[in-house]
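Before anything else, here's the structure in question.
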Amino acid sequence: MIRVTIWNEFRHEQIEPVKSVYPRGIHSAIAGGIAAEDLEIRCATLDEPEHGLTDALLNTTDVLLWWGHRAHSAVSDEVVAKIRTRVLRGMGLIVLHSGHNSKIFSAMLGSSCSLRWRQVGEKERLWVAAPSHPIARGVPQTFALEHEEMYGEPFGIPDDGKIIFMSWFQGGDVFRSGVTFQRGSGRIFYFQPGHETFPTYYDKNVLKVISNAVRWAAPAEGEFAWDCPKCEPAEPIHPR
Amino acid sequence: MIRVTIWNEFRHEQIEPVKSVYPRGIHSAIAGGIAAEDLEIRCATLDEPEHGLTDALLNTTDVLLWWGHRAHSAVSDEVVAKIRTRVLRGMGLIVLHSGHNSKIFSAMLGSSCSLRWRQVGEKERLWVAAPSHPIARGVPQTFALEHEEMYGEPFGIPDDGKIIFMSWFQGGDVFRSGVTFQRGSGRIFYFQPGHETFPTYYDKNVLKVISNAVRWAAPAEGEFAWDCPKCEPAEPIHPR
Amino acid sequence: MIRVTIWNEFRHEQIEPVKSVYPRGIHSAIAGGIAAEDLEIRCATLDEPEHGLTDALLNTTDVLLWWGHRAHSAVSDEVVAKIRTRVLRGMGLIVLHSGHNSKIFSAMLGSSCSLRWRQVGEKERLWVAAPSHPIARGVPQTFALEHEEMYGEPFGIPDDGKIIFMSWFQGGDVFRSGVTFQRGSGRIFYFQPGHETFPTYYDKNVLKVISNAVRWAAPAEGEFAWDCPKCEPAEPIHPR
Amino acid sequence: MIRVTIWNEFRHEQIEPVKSVYPRGIHSAIAGGIAAEDLEIRCATLDEPEHGLTDALLNTTDVLLWWGHRAHSAVSDEVVAKIRTRVLRGMGLIVLHSGHNSKIFSAMLGSSCSLRWRQVGEKERLWVAAPSHPIARGVPQTFALEHEEMYGEPFGIPDDGKIIFMSWFQGGDVFRSGVTFQRGSGRIFYFQPGHETFPTYYDKNVLKVISNAVRWAAPAEGEFAWDCPKCEPAEPIHPR
């Protein structure tokens, strides 16, 4: 059983036009869309105490999903530090859409994570760039989203990003829209689609990608168990 | 002075329609387009003895450009082996367009270097993905080629490719169109534009990219001088 | 069931002193040492017809292990080409010790794969550099081999090598002794210990590493099924 | 002229035994040791106002060196944020020895940057792993420091670290002791030697490495000039 926590800022959804698209919140749409027998899914949102991310919850989370946008700065540094520590020890982290500017994504990667953007609802077309990667399994080689926010290159990520998806936008832009990283024992996946005014998180291909990513990012048995050994010399150090 | 050798298959240009576009060959168009005081440019072509790549020429080449297409298999394995050895010791290698399927590119990277393609003359738009890289210096962040051959993802290259350019195609495809690698002391750059029926190698932005790449790929002073040291133990090995 | 083929040059073992260490060949020692219920293990050697690597065997091999040393050049280019094609499509490849100079390792990586070496039987100590990697699972953070051949840096491998093990040698050298790569759909692991005059392939830690690597390198369900789609434009190309 | 700022915690040197080794501070030893006509060197220390890192100084710094140890937490988050922003825009950053645990190194890389350590003054031997890299130019392939603090694997850095030096320690450990990264336009180099109780920063090879790294990390002409373009669509978006 993989213990999944979906974190959502959950502020856009309080008012229209987002309210109509995600009446119970983006987190609920994703939770419903990826529900499966091997997943135990919990949700947490910004305005709960500790943003809903209590130690009890974090310490039993195998994979954390993150959707945030206009309130990145409202997330407490203390919670970010806890998440980062847990990722380094093995928890998976899936950062969605505008989460590229979140404190936690920046804290994990160090780079600017900046990009170009345009919100006119143009068509996006995604391509699988790493067809044998587990996150691409069962996903068509290309699929389109009729309306999405454009995120364009240059994308300010480190060079160890493994490219799983690349996107084409109607207005002429391109983007590395699905990229994996590893930090410590933790696997990280960034996935670009998901603007709050579009029904992206009901799209079957988007949900398939997220479902795959959850399984890929979950730590294997024993990955949290690493302890640093004593530093007694293993070889003799002669007097000199 | 950087000693540049432009190698071209030079068969397409013998007949129309390519003959009209590149009457003196693709190599001559590139040579003219990148001519500069710090470059000493020579050309070589497939049907010369040793494909024009004599030891005398190769051993005085700092950067080799490679354009080939339909006659990849006509290039001798012996010449490929010589080029590879020299790249590993420091010679720069710039592989253009259909050279993705050349013996030398495959020999340097090991991967399939395969891609999807479509030749209908659609528009290509390139984007700079690594704005501070020397190969992108002075290149506009985006520029278009009205007619190019589509090369599309997935592109079968290793994960250490550093992405300098990414391309958008009118027909809905995307591609990592400018990528660098290092093998041994040698720097390698792949650049996708350059179908033989289009005047791509007269485009000022394309020529600027190639010009930059030549300087970037040239070995620095002394890079060819590496010798493997003796393998006497540096620390005492005690009898046991 | 993972179908494993252990390929061995099997010439050193014909005479002393190697014959006494590996009377039935290095391949047999490894096969015995990693035997398990989920592995179907076959062996093949250089002097068999087609080096034992018939199409029937290769096409049913999930993971190929490779030990060669003094007869690298006796391996036919045709067999090497077949192996490379299959690795790119998903077969795992584990290259052992002096296999760093094999045709197949060079064909997969493109780099020189050169290193410094010294054969005086000094002590080697290995360290886990990537503790959460599946290949390191259950392996002590450090373990020693009393007598091994020294392989030392610089090791001529590409930059996308993921370092799993690093080694210390009594004579003062260091080495990236366990490194993974991906080429196409195929996972590759290089593991340095295994000089023919020492009982390295009876060491429980060495066998644990190889056992782990076999499971890691095996292709997942469906990884061989990739077909390139048609290249009809996904988006309309307007007449111009 | 490259404008270099050497930042030092400068607390250990107030008392013995460090005071005798570096009576004017580690920063002064390095400044003296790398002095050259093309370098304009300034120093800054923790207990100055703003840690000596005023906007006026930071904004005219091309390469920042960082030595800190026991007072990492005393460095203000605001100064760290300023440094990070400037690195992303092109300033070089060279992190020395115990700086692996500094706020700025962690902020740039995101990973734990943890390691194993032992302070018994054993011998360290460094090896060049990337002989053609500019940071290794003119450095012997191997050189020893008679007494250093042991830093051992596993080293908690991201996979895009390019390994320039690897170290052997008398007590049986190994370490990636010289590693480069790029974040945004900024080049980063970590170099492990430099425990405060040893005269490491008077060693000619160590000084050669640092001198080389300063030139390598300095931003090229124009690297700070990048501006994000407008996001008007480059291609027409048709009504739908």
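Letters A, B, C and D mark the chains as written, and numbering starts fresh at 1 in each.
Everything that follows uses one rule, which is that a residue touches a chain if its C-beta (ideal position, glycine included) is under 8 Å from a C-beta of that chain, and two chains touch if they have at least 3 such contacts.
Quantities reported herein were computed from a predicted structural model and do not represent experimental measurements.
Following the contact convention of this document, A, B is the list of chains adjacent to both chain C and chain D.
In terms of C-beta pairs in contact, A-D outnumbers the other of A-C and A-D. These two copies of the sequence, chain A and chain B, are related by a rotation of 180 degrees on CA atoms, to the nearest 5. Rounded to a whole number, the gap between the C-alpha centres of chain A and chain B is 36 angstrom. Note: centroid distance chain A to chain D, computed from Cα atoms, is 31 Å.
Within chain D, residues 123, 125, 131, 141-142, 152, 159, 168, 170, 172-173, 184, 229, 234-235 each touch two or more of the remaining chains. Taken together, the chain C residues at the contact with chain D in this complex read 125, 127-131, 141-142, 152-155, 159, 162-163, 166-169, 172-174, 176. Those residues of chain A lying in contact with chain C across their complex are 90, 123, 125, 131-132, 134, 137, 141-142, 144, 168, 170, 184-185, 219-220, 222-223, 226, 229, 234-235.
Taken together, the chain C residues at the contact with chain B in this complex read 84, 88, 107-112, 114, 116-118, 120, 122-123, 146, 150, 152, 156, 158-160, 170-173, 181-184, 228-229, 231-238, 240.
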